[in-house]
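Got some structures for you, see below.
Below, subunit A partners subunit B and then partners subunit C, in two separate complexes.
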Partner chain A sequence: MDIIEKVIQRLRSPGKKGIAGIWLDEHKLVHAAREARKSGLTKFEAISPFPLHDIDAAMGIPMSFIPWVTFIMGLTGFGFGTWFTWWASSQDWALIIGGKPMWSLPAFVPVMFECTILFAALSSVGALIWLCGLPKIDPPVIDPDLTSHKFALFVPEDDTGFNAANIEKMFKDMGAVEVKRTEF
Partner chain B sequence: MIRRNPLVLGNKTYANVTEDISSLLERFPGPTYYVGLAGALFLLFIFLFAQGMISTFGMGLMGTNHPVGWGVDIITFVFWIGIGHAGTLISAVLFLFRQKWRTSIARTAEAMTVFAVMTAGVFPLLHTGRPWLAYWLLPYPNQRGPLWVNFRSPLVWDVFAVSTYATVSMVFWYIGMVPDLATVRDRAQNVWRKRIYGALSLGWRGTARNWNHYEMVYMLLAGLSTPLVLSVHSIVSFDFAVAVLPGWHTTIFPPYFVAGAIFSGFAMVVTLMSVLREIVPVFKDYLTLDHMEAMNKIIMCTGLMVGYAYGSEFFVAWYSGVEYEVFIFKNRAFGPYGWSYWIMVTCNVIIPQIFWFRWARRSIPTMFVVSIFVNIGMWFERFVITVTSLHRDFLPSNWGMWVPTAYDMGALFGSFGLFFTLFLLYIRTLPAISIAEVKPVLGVGREGEGHGHH
Partner chain C sequence: MGHGHSDNVQRVTPGPLPVSSTFKAFFLVLMVLGAAVFGYLLFTDKERAWHAYLAGYFYFFLIAIGGLFFSSIQHVTKAGWSVNVRRFCEAFTAFLPYAFVGALVLFAGGKSLFDWFDSAKVHADHLLEHKQSYLNPTFFVVRVIVFFALWLLFTKKLVGGSLEQDKTGDENITHKSVGWSIAFLLVFSISFSLFCVDLIMALQPHWFSTIFGVYCFAGLFQSTMAAMILFILFCRKQGLLTGYVDENHLHDLGKFMFAFTVFWAYIAYSQYMLIWYANLPEETIFYIPRVTGSWVYVSAALLLFKFVVPFFALLSRRAKRNPAFLGAIAVLILIMQYVDLYWLIYPNLSAEKVVFGVPEIVIWAGFAGMFMFAVTRFLSKHPIVPLKDPRIQESMHHHVVY
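Here is the complex of A and B:
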């Protein structure tokens, strides 16, 4: 049971202390994120109920590298399908079926194709779950409406150049409807 | 400039969208729902009874016999798999083509895919006669050698295609739902509700870094599902096309089956959506007449494609000069099962032509009736392909007729019980419209209104 407890401990991320600003307009959030980055902050998070397209540039988030996982695992799946149909049909127990060659490649294409798709799809989803740190048990939530119609920036206390008074002022100046000290 | 019609009516705000879609999960349904659920459960009971009897006493209870060895099981399997295809088309193909109108129908169409594939999957397993040995279909290390499955068999390709399709569709559906489950979790007042939806949402919080990966994976899954969905019905058609039987041995089968699958699937989406709009009136703002019209256009277009395939098959049979091919097609249209051929042509080719008229494409009762006819017609298409090709082959001494039994009928009609039970439970437990995907398209068609958000 030790392992289970350890896993649960890992999934219960305690959350960091910091300051959150809440906006009602996504454009103001993107603007605030851009300003926060300019002021030298690096570890802050932007939270929104749906994906915002300008936020990646504003926060300097690079393009996701998951396509490489998909590509490599797709190739792996293709290789596995090819190898397995070859090995099972012509090496491990070769059976003559319909007078075809033992390794009748065209007949194996459907299996090779499906293995490619299955490996690529499941590994991409696995990569997503890993990179987003999911699953998390009861992660701290700044405001329940952040999955509905509010937008937030959260700056953790350990961020470079963290200064509570300055950040609170900056958020208020940029139109935050609420600024609070919280955990995330 | 041509103005676009709004994708969502009623000048909704973000909060309205959240409220409209998730409040459905937070109140008890009305009496209509329970009546519908009772009907679905009754059909499900018939299904379980029929399949339980068949599993216990054997395949002899069904009408399949020599020479028609493929009956209701295979027909209904292909029928349900085909229905599933429209969901993937809407969620993946239309996504890649940047068709923003797909957003409000994608979730329910994908749910339909998942449930249709689940329903379809039961049939080949029961057709094996010994469903408890169904795992023999998979290549696993066994004590018989190991003796591997025959990878040259289209039926094994089917196992790979359908199981991959079921897995990827479910994952795509679930990953699409994670942010919405988080929305439902954050609205929950009840502690159990919060726990269940919290577990289902995996603790999603929607940070920009997470959305960045999320959107990429969503696009990758759409890109992987697109060739997958085309491969699945192509492989299903290989079950027939790889055999040397006249009427099956045709190169047109893969595209013909894919077009037919999209056709029948969109008909099922229209059937479900036109009912859903009535029982949940607030959804009329999201599933607008423009959405229904777009789907009806696709139904008409793919209906013409299958009509072309029906004609092309006759032409190729005549042009081949093979007497068995010519015979099978004459027998198909004018033989003892000729009635089924003409039901198919009427339902699939003639009736959808009404969608040339704009009023018909925008009239809910009309489209509901047409979609039911298309569903019937597409079941008969698979009936025609399976039964008329098998019942009279090369030797007249080998001819026979196929008559379904009560168990065949129980399996067929009962399968709707399984599908609708799952669908009705889904409507009330999971967000039926993608909350996070609808919000970014609220502005479409509202440009220049000075709307607050854009």
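Here is the complex of A and C:
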């Protein structure tokens, strides 16, 4: 019981204090993200019920490094498969099968191939989960309608050049239907 | 990611491709040269002449039928992104009538290529006698004519329909193309497989591989994508596709080329591994000449340059969006496609050592001239973008995030 409590405590994200602006139109959110970026903010988040075109460019999010994880772990898996088939079939437990040499490359390509895919795929998913800070239990909710028809931009207090009054004014000027101090 | 929508790019409505008379003359010269070398070789080294003919012929046949195949899968999937590049693969089908004539010419060389064309050889060989009900010249000619009749019919329906839509803008043509494409894909899968068996696999009539049609198909898709990419890059450079085809379209074509590079390796390996493992004499006869003697270098080159190099080269997103780089890889793939066909066909002529020289290159170039003549003629008569396709807006705003 004690251990479970501890794990849950760790997964519970504390949530940062900050300001959220809420819009009813996704284009206005993209516009707001672009303006927020122009004003020098860097750590803000956009929340939308569906994927938005151009939002990553508007927020200035660089290409993710996950493809590199996939590539390097794919090579690692390939190397592992090669080594493992060599070790298992010619070193640790050498067996003659079909009169072929102990370590016959054509027979082991499927193993090498599958190891490549397995390592690449699992580590990509792992990297994605880690990068997204998942799993999260009981995260703070800005507005329950953000999974339905509302779009939000959240600026944490520790963002560079954070100024509550300026940000509230900026959000309102850009047509936010609601601006609130909240946690995310 | 960092680029805006193509809305703010200045567009010029794409018309037909202007083909200068210098180009036309160049293609004609290639054809004449190819024919001359072929004719000369017929008298000096008949067998080599026909093997070179088959390699060059089959090379461009694959791209031509590949164009029809690619446009039909676009119709079947009701794809929007590919509308602005579809005309190029449609143009490749302009070579199909030439390929039909080329097949008729090929019948004359049957005896130099296929043992089963010769009734004396058939009677001397029990296996050939056994396979005679399928592998005989008459049925072969009938099959090839029937296949071409079907392919030309579908070209008329699919490509002809697309051209008609250019004039009328009738969206019913788009709906009808779906049905025709489904029918074509069914016909294609059977007829193409059998055609490859007839023209390439039957060079060695004792040998058989049930995956052979798929092997040829993998090369077909790979080389068709490479050819499309090169045509598009050429037209882009001329400024003919500004605002219509950008790096997003290239990215997706590059993905296809990458995918079928992997697919080719997968099929080639599947065919090799099963034969290697079972080690049955009637199957290994195909690989033994190709892994011994000087042919082993050709086999190694195939593995390296038709799979390993393009695989790593096309892996990243940036590589597929860089026109010059993508073009270079497309050229490599087109070269290796010839090596692949050469590797399939030539050990039949000379199992011990590699025979390659000017005749092979010039005869291939002759077919290249014919192909380019047919395709550029098609493109010079019709707009290079199907402007009245109802899904064209999807292609205009094509945006590939990953």
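The rule is simple: the second predicted complex is superposed on the first by the 177 of 184 C-alpha atoms of A that agree within 3 Å, B and C clash if a C-alpha of one lies under 4 Å from a C-alpha of the other, contacts with A are read in each partner's own complex, and residues count from 1 in each chain.
Note that in this section a contact is a pair of C-beta atoms (placed from the backbone, for glycine too) under 8 Å apart; a residue touches a chain by one contact, two chains touch by 3 or more.
Being a predicted model, the structure only gives us computed values, none of them experimental.
Visitor: Once chain A of both complexes is superposed, is A:A57 in touch with subunit B (first), subunit C (second), both, or neither?
Guide: second
Visitor: Could you figure out whether subunit B or subunit C reaches more residues of subunit A?
Guide: B
Visitor: Applying the touch criterion given at the start, work out whether A:V179 contacts subunit B, subunit C, both or neither, answering first, second, both or neither.
Guide: A:V179: touches no partner chain.
Visitor: Classify the contacts of A:P49 with the two partner chains as first (subunit B alone), second (subunit C alone), both, or neither.
Guide: first
Visitor: I'd like to know which partner A:A107 touches here: subunit B for first, subunit C for second, both or neither.
Guide: both
Visitor: Have a look at where A:L118 lands relative to subunit B and subunit C in the superposition and call it first, second, both or neither.
Guide: first
Visitor: Could you tell me if A:G98 is touching subunit B, subunit C, both of them or neither one (first, second, both, neither)?
Guide: both
Visitor: Just to be sure I follow: which residues of subunit A are touched by subunit B in one complex and then by subunit C in the other one?
Guide: Dual-contact residues (subunit A): 56, 63, 67, 98, 107, 110.
Visitor: What residues of subunit B sit close enough to touch subunit A in their complex?
Guide: 13-15, 18, 139, 145-152, 156-157, 160-161, 164, 167-168, 171-172, 175, 179, 182-183, 185-187, 198-199, 202-217, 220-221, 224-225, 227-228, 231, 235, 238, 435-437, 439-440, 452-453
Visitor: Where on subunit C is subunit A touching in the complex?
Guide: Spelled out, the residues of subunit C in touch with subunit A are 1-2, 269, 272-273, 276-277, 279, 315-317, 399, 401.
Visitor: Write out the stretch or stretches of subunit A touching subunit C in their complex.
Guide: 53, 56-57, 63, 67, 71, 98, 106-107, 109-110
Visitor: In the complex of these two chains, what residues of subunit A are touching subunit B?
Guide: Against subunit B, the touching part of subunit A is residues 11, 25-26, 33, 45-52, 55-56, 59, 61, 63-64, 66-67, 70, 84-85, 88-89, 92-93, 95, 97-98, 100, 104, 107-108, 110-111, 113-115, 117-118, 120-122, 124-125, 127-129, 131-132, 134-139, 141, 144-149, 184.
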